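Here the chain labels run A, B, C and D in written order, and each chain numbers its own residues starting at 1.
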């Protein structure tokens, strides 16, 4: 005897008539009760995206069995997970603590369905925070010479912990193209600027010099093309002429942690699907 | 031979398994292509709500025919309309012009799917604006003695123009309970306050006296229970200690017109469904 | 020999011509360099408010000496402090940790000029957080019978630590009228609602039942008249029809900590002056 | 005998001690009552900026006389105007009507202290709106060959109407470097993007392709260096993955008119002072 479970089904495929009926019909065959369903057909890419939450009193095998003909017929890329299952997550940090603090706090308070299996840092400054939240801390120093070795170590940790997600929570190192490709779609970065905008170094100083009236932050998937990965979430904060660079940075940190927390939550809840350079976010 | 039309189907019924599959299956029988679909099951009221946009190469009769068994089986309240068809709308105003201006401008610029069939006012101050936008203007004065007569005249105009929606665009008269019931779910009011909050007269003066840091506006369906109708949209604007009542009012007018325009658009696009005292808004 | 210090002068008095000139003239007598100056004359209360930051190469006695004739002549209430001096602060909490976490984190990261001299709680649940941030923790249980005794203990702690500010950081007890009067203008409360609005218990449940589209939080000075103290800061977050009470509460906590952090910072920087039931906030 | 007038004094000069006292002292000599005063010393540029509203029972000559020694001593650039005096303004438009509508409406409703002395357009599409608001309309066609001639005509209109401000209210022509220099600090442009960001043509299409989650608009002073003039105001609006380019544009127009209206009001109220590439905005 099985208990009723709520499943999340996400899928994408070339758009054509009948997809919703086919999926809903297959689930109805198991007496599934669809409690949430969202979809989007992108007229530009020609792709169709769908996210369904469905209560079913049946094991995963049954779901897979009834879905198989549909996913094959429509050429779907798809995924099936249980609602609320925490995503095994590696947090990568350097010395700035605001994002680590915020994500760890949200996990502990039950607001964020992730399970931080490792905190990896090229410094030791944040070990105390990891200890407080009882998160395994790995110090992996990086120099120009040891970069390849450090990335190998990161991959080892990801593999060993069976991590599903890597969050660059103000990790001040650029990942190699190879690593980006290896972990494609599984690495979220928080960019301390409102993309597309001040790229590169010291964005708050650039923002101050340009005299902007809003500063922002952008959470996006990391890709080999730096700062060009699909955007998941952005937000801004109003600034005044008398806010100096330090104040912009302090306000920026508040936006960064807010934006990153939202992006990680939506990803962990399987609400984000990649559509070329864009994302579909089923909030 | 018919052309492909995009239809909007909205429905609500008691929640139980199989609704999505039944609806999607019926539409698939006509080779319908679902381009947008949203749903919500309210665990509190036990009601299920759904909005579907579907492209079908068939006349309304065919749609009605395939949907009939489904809507009967599930006890659905439902509605079927063509995407983009302008809703015949009566605007009611007094002397404040900002909402009239904004709605008329948005209709003309093609941003708002309404067709203003009448502007009704208890004053003549705004006739010039109605004339500029070539909207039929009706002066229906109201005094305590003539209120019943004025409401009868309003109903006559609504009937004669076959109006589907009445917007109280800063109409400073309270509708009678009877009229509210007669037009239930078809009257949208803009309340110059952030409900639930300063009710009754002079809310901006009350807000100033209380020293609030945000002022807001609320668009809601008008019900006999004043200011208690289901909320469609709300928004706020930040205010400072040196904003006097006149400035609060000026800022408030900006919020009012923004909030009202959104509420009217969502209603006209059949995105708003009433769920007891609450609304479901499928944006 | 003295070093150049930046002072903050705040003052209020009945409004009449010449105040700015008198104050600026007195400070110019010490070769003071005014780096920031804000003022507000409230036409309703007839009161004038001013906040000046001034760099002076002189001790406090000199400042007091040159200001004395001015403050006497105009009947000023005034205060003089050094920029950046942390305010000795008592945090009062119960079991909800989000505000404590946020304030402690901001103090440690140097973003908030407070020095938390005590964390007082009627529970022990948050002792671990206080320990992590190395803040002295006091467990002061409260029952109906021991309320007077508990408040006496609180006053003792405030006195012993020479605390200048008490922050009710989700402290779920109502302070007695006597205590409110005793600490008048020195107690900041975070109210989990957008005042004036859902007062009393379970505001998020009330907000959900009413179907609001925004939820908010309000930081205000605590007064004997519950929820009626002068408002310092408010903010809101957008909610959707499918956010249940638990989600409203989670989103509400984010707004609460943001609003409270701003209010505490502005108070600690002497940017908030009370004007009857309202506040003047010189941001 | 003169009536009491409220004056706005704005000034900037190299920063050094004593400026506030000198200005306030001079005004106190005329029994002036300072009702609003804001200042900012920019540590980067070394410049000091001030805006004072002062009630004086004296003619302009007296004010000029008492201020002369101060402005000379400190090397001030300064300006003196009467509160509420409408700024003579030329609006330049092409075919998009939203900004023209909004500014004209705000002027008529008394919310914007400008006096539109001419609407200049390279098309005739918006003549009806100008007529409705009783604003003089000038059709000045522009081709590559006649550009110099058209700009000469614009300058003639500016001169003839004694215009103090030119607003590019979605005027789709680039002004020549010479004209920008000629009208330096007196031309406000609304840029349909969140600067620094998508520059050049079709920013909403670029924004859509990049998959941004916020779109914005920027009001700035026009300079010879296109899109690089000092920013006065910016704002954003949240967008979703299913908003197509047309919807982004519709939402963008709402942001544009809001941002432009604020920038024009602040400029007309002498709240904006230019500080190199940045602006000081005394709101």
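What we mean here is this: contacts are C-beta pairs under 8 Å (C-beta built on N, C-alpha and C of every residue); 3 or more make two chains touch, one makes a residue touch a chain.
As the structure is a prediction and not an experimental result, all values here were calculated from the model.
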Query raised in the report: By CA centroid distance, what chain is farthest from subunit A?
Result: D
Query - Contact-richer chain pair [A-B vs B-D] - result: A-B
Report summary line: Expressed in whole Å, how far the mean CA point of subunit B lies from that of subunit C is 41
Report summary line: Chain-centre distance (mean CA atoms) for subunit B and subunit D, in whole Å, is 36
Query raised in the report: If you look at subunit B, which of its residues touch at least two other chains?
Result: 36, 40, 240, 242
Query raised in the report: Can you list the subunit A residues touching subunit C in their complex?
Result: 36, 97-98, 101, 105, 109, 111, 132, 240, 242, 250, 254, 258, 283
Query - Partner subunit A, residues of subunit B touching it in the complex - result: 16-22, 24-25, 27-28, 31-41
**Report entry** subunit D - residues contacting subunit A, complex
**Finding:** 40, 42-43, 194-198, 209-214, 216, 230-236, 240-242, 244, 275, 277-281
